[in-house]
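Below: the structure, in structure tokens.
Each chain carries a letter (A, B, C and D) given by its place in the written order, and its residues are counted from 1.
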Amino acid sequence: MSLFYMAAALFLLGTILLGLVRVLRGPGSGDRMLAAQLFGTTGVTILLLLSLALEESALVDVALVFALLAVVAAVAFVRQHGLPEPPDTPIHRQPPDTPGPERPHDDR
Amino acid sequence: MIANALTVILIFAGLVFFAAGTAGLLRFPDVYSRLHALTKADNVGLGLVILGLMFQAGGPADILKLLLIWVLVLAAGTTAAHMVAQRTWTHGEFESDR
Amino acid sequence: MNVLLVLFDLVLLAGIVGVAWRCLASTDLFRAVVLFITFGLLLALAWVRLEAPDIALAEAAIGAGITGALLLVTLERLRSIMAERRSGRRHTPPPDPTGPHALLRALHDPPPERRTFLPALTFALVVGGLLVTALWHQPQSVGLEPVVDAHMDISGVDHPITAVLLNFRAYDTFLELAIVLIALLGAWSLGRHDLIPARPAPGPILPGTLRLLVPVAVVTGVYVLWAGSHAPGGAFQAGAILGAAGILLVLARPRQLPMAPGTPLRLGITAGVVLFLLVGTYGLVAGHGFLGYADAWAYPLIILIEVAATLSIALTLVALFVAGRPAGDDT
Amino acid sequence: MNGLAETVAHTLAPGLLYPTGGAILFALGLYGLIRRHHLVLRILALNIMGSGVFMVLLGVAARGEGAPDPVAQALTLTGIVVAVSATAFALALVVHLTRLTGHAVMLPGPPDDDAPVEDISREAHHADGGPAESSAGEDRSA
């Protein structure tokens, strides 16, 4: 059985590493934050699987703490960019294929 | 024996959902559709894995702890998705200072 | 099983090193911070593989709860300070917050210069190579595990790490609490805190989540503190969890930070160090040496110190997050 | 052939694999610390170096059979809490510096290292404000 748990944990670790592409590529900061949040959920699952595979029941507590505090970074993220916008500010949404100068700089 | 088989099946189903969530995160075109990966796919995947692990739990306390973890992750995922979506909606997908 | 474990280790280490590399290579600071949050998550998995669930617990609370929020709020403070300075300049047109060049550079680090490439690379390679060589040729030793194991019955607790932290090497823990306190004094010496210049998202969702999360966090903190006497857990982890819950509360408050009354706050922040010092001095007077306990009293004293240390660490972490003296405090 | 397999198995044991990874992290953080100019990035680099040290400590503690060394784990635990409070203090200093000077970038030194000390003090550059120095910080380090 623990072989199966370990394989599942390895698979989930692989999905985290794949999902890193989204953090690296963005393009918006919302995308990056979303990906980090997703890693939290996957990390909780990996910890639960490892707790059975390695027979270490304390890992359930670690998973509990991760689940409990997963939301903190997201709340901090929302508190960014709160300078009061002038009332006539247009919501500066632009189509993703416009190569505007404020496109996030990608240095790869 | 049956418990083991159920665990394997449920965890396997959960992994499929995780894979779907990652695919969604990578392939969907914009933030709003990528939110599905967070709020739906991964939370269902975690739910299935936890359901599978419950068959291996030692006692009612362990089962309750696993359930609590799922509830907390659900709450965190919902809140985070809501806040990321709202912020993207009010500030635009690309900020001007990066 | 062994092959899978080795594969897991290799993939995990590759991920950790890769994430650290991309984090330090980022020109976009926000991206670097998100990568650093992911780095913390992967590190917690590495600590699990190294049979250190205590460290994983602390890393989970600090990496997921505290560091990420701290860095994101710092970025926001930097951005708003720079925006203010730029708009206060006389000869430039007022910045257009939506304009392309308005704040382009605020949270942006230009790629490094070419001329530092070779020296930096050589230096890092030499140091890393020396470290790896030293570590590979280190003689095998059993460490201090047998010594700790032999003295567990007089330590007053059943968990070796708690025994080391609060009995065998209580000195370290005492000085560590003092260092955390000094960091806070340093932050306070910089003056009043800045408001976090943003509103939280309006609507019922965030308050509703808080109503679920904060009580559960308090219960979890107490549980982890209690578990520390016989299983992974203890004062640091509990303090980090409670501190993260406090940071969540601070973040969710609209606009204004909670006004902590000065005196109780100071008492709580210094409680750990003061109590540790009192107990240590008592041990000195009673003839057990500084920070020594009578065997029969070890358990209650350890619990007492741990409770005080948890309170101090939690309050100090929240105060460090707010970064600045409490408002309405004119000393 | 047998010896080779044994060497590989020995090398891939967590007690040797993770300290090596920790050393790599330390070197990587050192490299980033030298190369990057933004102070927040430098703090991240210091944190990565610290994590490398923790990984070395815990990896060495986990070597061999039996339970890992609890003293090394306890030291790492204190180290993590000290690291997070030091990081918080450093970030507060960066915010304060930005409020005073208007930027959080540590500029590279002047091209010739023998220049008089006054030339390195950048606060005068930035304190008075004006169009001439509008982006001196970015231009010099770009």
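Just so it is clear, a contact is a pair of C-beta atoms (placed from the backbone, for glycine too) under 8 Å apart; a residue touches a chain by one contact, two chains touch by 3 or more.
Remember, it's a predicted structure, so these values are computed and weren't measured experimentally.
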item: Pair sharing more residue contacts (C-beta pairs) when A-B is set against B-C; value: A-B
item: Centroid spacing, where centroids are CA-atom means, of chain A and chain D in whole angstrom; value: 23
item: Gap in Å, rounded to a whole number, between the CA centres of chain B and chain A; value: 11
item: Interchain centroid distance [CA atoms averaged], chain B/chain D, Å; value: 33
item: Rounded Å distance between chain B and chain C, as computed from the means of their C-alpha atoms; value: 26
item: Multi-partner residues of chain B (each touching 2 or more other chains); value: 68, 72, 75-76, 79, 83, 86-87, 96-98
item: Where chain D touches two or more other chains at once, by residue number; value: none
item: Multi-partner residues of chain A (at least 2 other chains); value: 29, 33, 35, 40, 64, 68, 70-71, 75, 77-78, 80-81, 92, 100, 102, 104-105
item: All pairs of touching chains, each written as two labels joined by a dash; value: A-B, A-C, B-C, C-D
item: For the chain C and chain A complex, residues of the former touching the latter; value: 1, 4-5, 7-8, 11-12, 14-15, 18-19, 22, 25-28, 30-31, 34-35, 37-38, 41-42, 44-45, 48, 51, 53, 56-57, 60-61, 64-66, 68-69, 72-73, 75-76, 79-80, 83, 97-98, 100-101, 104, 108, 111, 196-201, 206, 209, 213, 216-217, 220, 224, 227, 231-233, 237, 241, 244-245, 247-248, 251-252
item: Chain C-facing residues of chain B, complex; value: 68, 71-72, 75-76, 78-79, 82-83, 86-87, 96-98
item: Partner chain B, residues of chain C touching it in the complex; value: 28-30, 79, 83, 97-100, 102-104, 106-108, 201, 203, 205-206, 209, 212-213, 216
item: Interface residues, chain A side, partner chain C - complex; value: 2-3, 6-7, 9-10, 13-14, 16-17, 20, 23-24, 26, 29, 32-33, 35-36, 39-40, 43, 46-47, 50, 54, 56, 58-59, 61-62, 64-66, 68-73, 75-83, 85-86, 89-90, 92, 100-102, 104-105, 107
item: Chain D contact footprint on chain C (complex, rising order); value: 6, 9-10, 13, 16-17, 20-21, 23-26, 29, 32-33, 36, 39, 43, 46-47, 49-52, 54-55, 58-59, 62, 66-67, 70-71, 74-75, 77-78, 81-82, 85, 88-92, 105, 109-110, 112-113, 116-117, 119-121, 123-125, 127-128, 131-132, 135-136, 138, 140, 142-145, 148-149, 160-161, 163-165, 168-169, 172-173, 176, 179-180, 183-184, 186-187, 190-191, 194, 234, 236, 239-240, 313, 316-317, 320-321, 323-324
